[in-house]
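Chain naming follows the written order as A, B, C and D, and within any one chain the residues start at number 1.
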């Protein structure tokens, strides 16, 4: 029977990573395992930054943002020789399996290590919700709450001043942060990479709202669509008649205390991951479907196409267009 | 084609009700309907407290707790004569359908009204998560976040003082608030009506943790299990050796700004409800299954047995028992 | 005896303005006065956007961000003819005095109106804390809490990733937001207009921290110092060795639920203002000194020189320099 | 010159204690001192639970609630022999001075130790604001924010339901939490130990509000006034006509992330304390007067009479009485 497992976080940090770490440690200890924490992701695995942790550690981190283990980039982990060093370090300590929490970039490494004899189970840790093998990634729920809180605050000001605000949120190629937070906050216009509006379309829609005497307008856009947000704001201001301000929410979206559901799901995924490892299973990606926790092979998980949210966005846009149409 | 719809909230208030109201109003207006708000639930329906609302109203309430429409109890609504008065009021204003947001007590009224010619669509509004036709009720996500925040604060204090805290949360016959919030907050012991621990069992478990030098212990219990929480605290204190304090979270759990996911789901359910009404459908209960919005006949919805969370709780309890077993 | 007073908000919105409005309305009603709300500041005064409000209104706004009365710019208010129109509107309604909540730009208008027979009392409403006749402006306490929360979140991420973050906060010519929030959040370097560091100085300080293996560095800077924050971030990155990210907190700082002390002080200032009006006093600026509420003539208030916080900043900078000096 | 100082927290925990600890550690290290943390207050001093800490420790705790050092009761510290053990432990480690953070019960110990050759500087750490040598204690600002947030949530519910709520808050013999939070939250009736209303007076006032059709009423009371809150709620319900609920906020008031001003002031007090120690001064109590940090001899500090807030409360009560008088 397996005696020792390791845990690491990789890729961009996200809220709930610590809750997942806590769940792994507590479950493993309850099952009689020893748990080792790896600092700074795959980099720490290669550099042997690996230390045992206990249940007090698990208890002390559950509500903290970011990852207490640290994370780092290590492109060289694609090379066999580098990974062999990691495996040697693990073997030397008697660590037979790993839980890896990170974005889908981290999943490849977990698959490779599994093939080299270290059973790895991957948990989806990223705010972007861009991992297709789970309904929600660990971090997404907290990130959209932070964005909604920011949008609520911004609306206080633009409603006071009769203005328009254009707010850029994170999400790379996945518009879920903009879509969910925008709808939740009562945004008026949303533009995401999967279905981006042109700058002129945004300006025209804002103008229609101004023509109907709307007091304030919030436009939520994903990052990487509009190269110059100030320029977009000027266009909207000129076209619509609203004084228009832009805001980039940036890195406040990735830290902070994780939400209840984030921590609940992180715990359940973590527990599931340890149970799989105890069953001798590796090379799988864990996720949720509604309230259930599920898993599938990592390579299969990575090949699942994204469910398009274009329909949800189109419905939302039609709705607002119809409210303010002439 | 239908021209006018009404909206009311009924039963205990919950966060996200206003987001649902907002979603109903915006969707209806976008579809060309006029919307009337009913004050104080079925009581206002009978007393003709019914007024038109517009999109500015919808925009102004999305992030507010409670229900701006008010809610009230009206047991007499079970009587036909009383409901006939409601129907007459609606007919007089040309209101042909209603969205009813409330607990399952409110669903019965919605079904009766549908049978009397007013198509009603019911949305699940309660913090208790005790409506079986939806994964999550509107209010639950916010309530567990409030409880987790309170538990985090309480842990700060008991961890500073080397103590035990017993915290009672809402949930009547449904232990989901205690279960989800307790797991999310890293509680050590959870007791819910579906699988209640005896007072002696709680005391014994706390003692085991004290024997293992645990710095602090949090016990989360649902309301209506232990008649005298102070007495339970004294038993735990005497048995375990921890100074032990009790806290009843009470009504702070039902108010406050709704979370992002609360508002997102409330909006999607509201939109779905209006679309059903426009298709001429009534007598249905709307809910979510994962990320999807679904509906079924109200009477069918009310007869769905509860999914037992006993397994989830048993797993959690085993895990903690094993960590602190001698 | 005076019978009717008006209230307006002017200049940039800030949290706590609504609590002040609420306090004015409640105090005035308790004293037997009628209260009129003016929409959109001096603009509404001139355009006769003036309506009576009651105690329910006062109760419903106390915890909301921004100003429910709206605010607008009206440079023309400097002209006598424009102000005469305002006075005529007030006279027509029998409104004999005004409470004006706003930045010191608004104070001039209040003084002019007083000279024209409308007794005005000014309350300091701005997040910038740049009004010298008060210890703290209404909005400042909430703004620094928002900034500290954002800095806490950003630290979660940069601590996870071993990075540096440069965060720009509001404050125009007054560095108090950067200074108080920076110290409260445990920032490592602070630069404000009153004592701005050069870009090279910042880079050199960050490098010293990197040389001492500090895991993360937070630099807080006031707006309007560094014309290109991205360029500063690149310089810091190149010089120090940290991956470095910049963030502009922008308009999230001005909205949101006001803090307890914000609302407490706003209420006490509002109550004091109404009492002064009842004593027949106008042309004064209200403020706090510690826990006491005080007032002085507006023109005197506007001429008070700013207390320099350079000493506080210098002490802070010395402290951090000494910790990380070679 | 002094080389080593210690730090401990004593009495009830409060938010901001960790920020004060952080400030002591950073200032001391910047000044070239070594810093030792004492676990669990005077108990740890006697038991020699004393360990060195560094700047990473200081950085990691600034935003955490409670006290990471722990706190405990030790009535025996009044005995000379017990204190001699503490002094011996300090001498053995070369620790020449102490910063003590706690309530005024802790101040006596600090004075005694100073007399025995260990220069002690006391910081006011308690949520109750009952230390007269400071405007605000460390913890008070955060506590009133938590109470206001709870009152906001409770108002959402009672406003939805047309009810009255009676909310008990902490504060022992000092009513400041009830007074400041009650006024900030727009409470309708406040009762504190310094000027307690009888149960009948409360019921009569609530009835007047009900008679004027007020939708909801919030009554805030300090702990230790009404022996049976349920009984008071029943009296209010019977007398007034409102359905009436009681809530005891209990221990959620003492934990949680400290506010910006809490952390700012805690830092400035901590820095001042270390500077005094470096000047060879002991036996003093540090506090704030407005924005300034001050100190005076501990024995003098303990003898300052409390500023009565009765006037502030009387003004508030008159105001509400007048609004709802017949």
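Quick notes on this one:
Operating definition for what follows: contacts are C-beta pairs under 8 Å (C-beta built on N, C-alpha and C of every residue); 3 or more make two chains touch, one makes a residue touch a chain.
None of these values were measured; they are calculated from a predicted model.
Shared contact partners of chain B and chain C comprise A, D.
Touching chain C and chain D together: no chain.
Centroid to centroid, with C-alpha atoms defining each point, chain A and chain C lie 34 Å apart. One inter-chain figure worth recording: chain A and chain D are separated by 38 Å, centre to centre, where each centre is the mean of the chain's CA atoms.
Centroid to centroid, with C-alpha atoms defining each point, chain A and chain B lie 27 Å apart. Each of the following residues of chain D touches two or more other chains: 152, 215, 257.
Chain contacts in this assembly form a single closed ring in which each chain touches exactly two others. Pairwise chain contacts in this structure: A-B, A-C, B-D, C-D.
Within the complex formed with chain D, the chain B residues making contact are 9, 12-13, 15, 40, 64-67, 70-72, 146, 149-150, 152-162, 165, 215, 245-256.
For chain C in complex with chain D, the residues that touch the partner chain are 19, 22, 26-27, 29-32, 55-56, 59, 62-63, 135, 141, 144-145, 147-148, 152, 180-181, 183-186, 215, 257, 259-264, 267-268, 271, 289-291, 315, 318-320, 322-323.
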